[in-house]
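The block underneath contains the structure these notes are about, expressed in structure tokens.
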Amino acid sequence: MANSKYEYVRLFEQPDTLLPNTWIVVRIDGRGFTKLCNTYGFAKPNDKRALDLMNAAAKAVMADLPDIVLAYGVSDEYSFVFHKTCQLFERRASKLVSTVVSTFTAFYLHLWPTVFSGGLVDDVPLVAPLLPTFDGRAVCYPSVQNLRDYLSWRQVDCHINNLYNTTFWALVQKGGMDSVEATELLKGTFAADKNEILFSRFQINYNNEPEMYKKGSVVFRDYELVDPANTNAAQTAAAADNQAEPPTLSKSKAETDKKRRAKARITVEHMDIIKDEFWDRRPWLLTGQPGTLPKQL
Amino acid sequence: MANSKYEYVRLFEQPDTLLPNTWIVVRIDGRGFTKLCNTYGFAKPNDKRALDLMNAAAKAVMADLPDIVLAYGVSDEYSFVFHKTCQLFERRASKLVSTVVSTFTAFYLHLWPTVFSGGLVDDVPLVAPLLPTFDGRAVCYPSVQNLRDYLSWRQVDCHINNLYNTTFWALVQKGGMDSVEATELLKGTFAADKNEILFSRFQINYNNEPEMYKKGSVVFRDYELVDPANTNAAQTAAAADNQAEPPTLSKSKAETDKKRRAKARITVEHMDIIKDEFWDRRPWLLTGQPGTLPKQL
Amino acid sequence: MANSKYEYVRLFEQPDTLLPNTWIVVRIDGRGFTKLCNTYGFAKPNDKRALDLMNAAAKAVMADLPDIVLAYGVSDEYSFVFHKTCQLFERRASKLVSTVVSTFTAFYLHLWPTVFSGGLVDDVPLVAPLLPTFDGRAVCYPSVQNLRDYLSWRQVDCHINNLYNTTFWALVQKGGMDSVEATELLKGTFAADKNEILFSRFQINYNNEPEMYKKGSVVFRDYELVDPANTNAAQTAAAADNQAEPPTLSKSKAETDKKRRAKARITVEHMDIIKDEFWDRRPWLLTGQPGTLPKQL
Amino acid sequence: MANSKYEYVRLFEQPDTLLPNTWIVVRIDGRGFTKLCNTYGFAKPNDKRALDLMNAAAKAVMADLPDIVLAYGVSDEYSFVFHKTCQLFERRASKLVSTVVSTFTAFYLHLWPTVFSGGLVDDVPLVAPLLPTFDGRAVCYPSVQNLRDYLSWRQVDCHINNLYNTTFWALVQKGGMDSVEATELLKGTFAADKNEILFSRFQINYNNEPEMYKKGSVVFRDYELVDPANTNAAQTAAAADNQAEPPTLSKSKAETDKKRRAKARITVEHMDIIKDEFWDRRPWLLTGQPGTLPKQL
């Protein structure tokens, strides 16, 4: 039986390839996580297990998709950065977004018991229909500066929200306020005010809060750090921006790159990614070329 | 700390709203399911448990997203049809696709043990990193005829593939051929030839094969069937095509509709969706108006 | 010399094909026509020569592009309707828009002297750099109802603006008001109020104003009118909406159609296109099938 | 009368804003110029008057749209480059394309008599319906290198085509061949072969052909050239790529820039734009900052 009579419907599929030579960021966000957090009893303002789970799922996504050079996560969101030379799925937006979202979801569910069932007491099994799910979208950034500004935007947001939430929940959990009172008190306050409230009322030095809460989590392949005296992000960025087209590697070079990339450990860190130093010491993030594997591996 | 310095990066987010007044189909497909089927020992050519799992996940997606009026699944793919008046997520393609894909993935993983662990012997736990994941895309169809032709295309495809696979695997599993020999034998054969091979060599009457394998699975909300003497799909289609804009319901009507929709049982059937009868008897699929709830509920 | 080194830049061209089976409207608008009208001394509130020129240019566009089934113009804007089965330029938006805009511009300039140079006294030659130019865009409408509502929107707009402008300029030109006073007087008035002002102050019965000013201009190929008893727009619309794909005509039929279309006179009328009658009597507008040529041709 | 009943149709207008921080090239092409050239008797292989007309129209477009930093034309095509920080029409593709196409068309028609009517003998008036029209499209290039590669692609194309056409028409016009014979002779030949044919058969030294034919035409605002010892294109490109967002100028700076830009002469040159020198000496093309006005102005 021929299928030709109906096959014309394929003409309705419209292409959604993303502009070449631009950095692709796929950002995913938890759907209805306020309710999910309440149902499964996540700690406020930060639940270490929930963040560990986000990070573990992000690592699994990066291992599955080697075109991702870096990921940055905070709260229930994660941004995955594909190198601007990436040709995965012919750069089709829906393929890239749906693959990242599905892989992340799958690992989040699969790894849930390892994180949320540390002991008999803590066991928190998932119960349908309230399962964790995520939505996502892809955005293109033409220059290294745009990409770094995007990531800086997310990390500044992390800081602003975490300082607010830390203070808010201290007022509620330790200060005996209800949420209306706490909201009212914090209205119009600056960072210095919140630091002061934390310190004077609760003896909390915000600087001593865990780095994961203050900085979020950055995930990348770990090679030997480069001496910042020998490189700088501006040069690397310019070089990356000057890459006009996907490099056509020799087959053997491509093979070597692939192996080195597979051998590299994927690491999760909680550090400043706004300043140059992070990028200066890890030129492979922007060049897309694998770095030197550390000796111990 | 203000975030304004970096916030300009939001300008890079480009809108992806789908054309209003068109039927939206989100189709998802299993990623690398050939390998997955081998690893987890799915039966060939059809694994009843795996198909039941697809159907159960599809039902959960429909329950989660009432804007979906119908879903059709075959093998490792599923198509979800949003009514053309749907305003969910402002019709943003990436939101719709990623939400469907993530929800489907979550339920597929969550329900896996209920389907694949019937007894001690059968127990097939998922082992990372080879987890089931899906990708997806959204396509718009302007008219009812286009939409029905799309669904007919998928169901004809189901039939063609299933007849081929049934014959191929009979030749391999019962006829002692290897896959090269079976492929060679089937090259250029018509449906009648394959029916004949099945019957004469293996005493298999293809017509008696399970409906789920031959027809795929169609999922929808179940209301009282309508007497086909009193309606016909052509009229309903014309009426649906004439709906120029999202109906602005009175609040109470919208509330009633919502309740009736929530009460309706979501059913999985294996039947012909190409001919008019299926649509004639279920006018609610195209009108988007909930039908009459069956008495027994 | 090979050009291959640079040819990769073609990859940056992104497709912009419009969704199949939808009506395409290309609307063009005069750029900076307020200034143009002042410079070339267009009459207020309507300049018959300028409107005649718009209509003549629109007719030339339709003669050049037979895929256009209808055009509707008011003031310095014109909407061109391509039939939903249209395959011109593979339905690429930029090709369709730029071709319509360029052809319209070319004829507008070319025909300018024929309209604006009636006699020695009236001679108004174009002087660079202030030349008439237009911009444009393409929009898709999935159903006949959407398309008709679009055209109704434009015609209602024509009426609203013309009634306002007629009253405003009567107050200024005959009533001795300045524009601030006239604006103030008209603030918050209804249609009935404006009719009353026109009649009581200036003895102008708005109903007797020229149809071109009140209704705008509709341009189409002229065939024999159909007895409305034998047809109705709802049926034609339903039939048109049911056309799922571009009809694959026999070659001879396509040839006959083409000839008939070329023979048909392109006419400019000023009539109601909101009510059914206009469409009932001219079924060829929606079916896209050429009608019967009038005897006298 | 309210228009609200129909106004919902505005929802069908879909946004088409181009990605920020990318170079926008609007390329226009003559429609059916083969026929036009024959009808109006353009000289082969190059008609100086026709190319002068293209250049004059391009200059007028640049004067009308100061956001254009450079234009490059060859044969019946012209590419207009908008600076990557350009915000004109909110970067809407259809607005940009249609405005360029319409303005170009208007000036092409308006200036036709000045170019094609040098004397009584030469007078070639335009006769409808065969008027010159153009179509166009917009393409985004993320980096300076991509942009320069695009322009190099067009200039290499100019060279390849002109060498071919010059040889082809020499064989036909002076060598007495018909077009089939000439085509056959040139099949598979390299540049050196064509140079040899021109020289040995027709005593034509291709190097002595007019620069406009060999190099095409580049149009830009003319400021004082910069000493290449003090700048280089690579640095300028890197600086341009590093501009992450539209600079927010002080009002007085913006005003000064605007005036300087308006004072700058728009020049048409026929020179190499592939090598660095062109860009090294004119840094204002990539920075978007107006240069120093030459003394004599």
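To keep things simple, chains are lettered A, B, C and D as they appear, and every chain counts its residues starting from 1.
FYI, a residue touches a chain if its C-beta (ideal position, glycine included) is under 8 Å from a C-beta of that chain, and two chains touch if they have at least 3 such contacts.
The shown structure was predicted, so the numbers you read here are calculated from the model rather than taken from an experiment.
Using the contact threshold fixed earlier, the set of chains in contact with both chain B and chain C is A, D. Comparing the centres of all chains, each the average of its CA atoms, the largest separation from chain A belongs to C. Measuring from the averaged C-alpha position of chain A to that of chain D gives a distance of 43 Å.
The geometric centre of chain C is 32 Å away from that of chain D, both derived from CA atoms.
Chain A and chain C have CA centres that are 51 Å apart.
Within chain B, contacts with two or more other chains are made by residues 8, 12, 14, 19-21, 140, 146, 149, 244-245. Contact residues of chain A toward chain B in the complex are 1, 3, 5-9, 12-14, 16, 28, 31, 60, 63-64, 92-95, 97-99, 101-107, 109-111, 126, 128-129, 131-141, 146, 149-150, 152-153, 156-157, 159-160, 191. The touching residues of chain D, when paired with chain A in their complex, are 19-22, 84, 140, 142-146, 149, 234, 237-238, 241-244. Only residues 8, 11-12, 14-15, 17, 19-21, 244-245 of chain D touch chain B when the two sit together in their complex.
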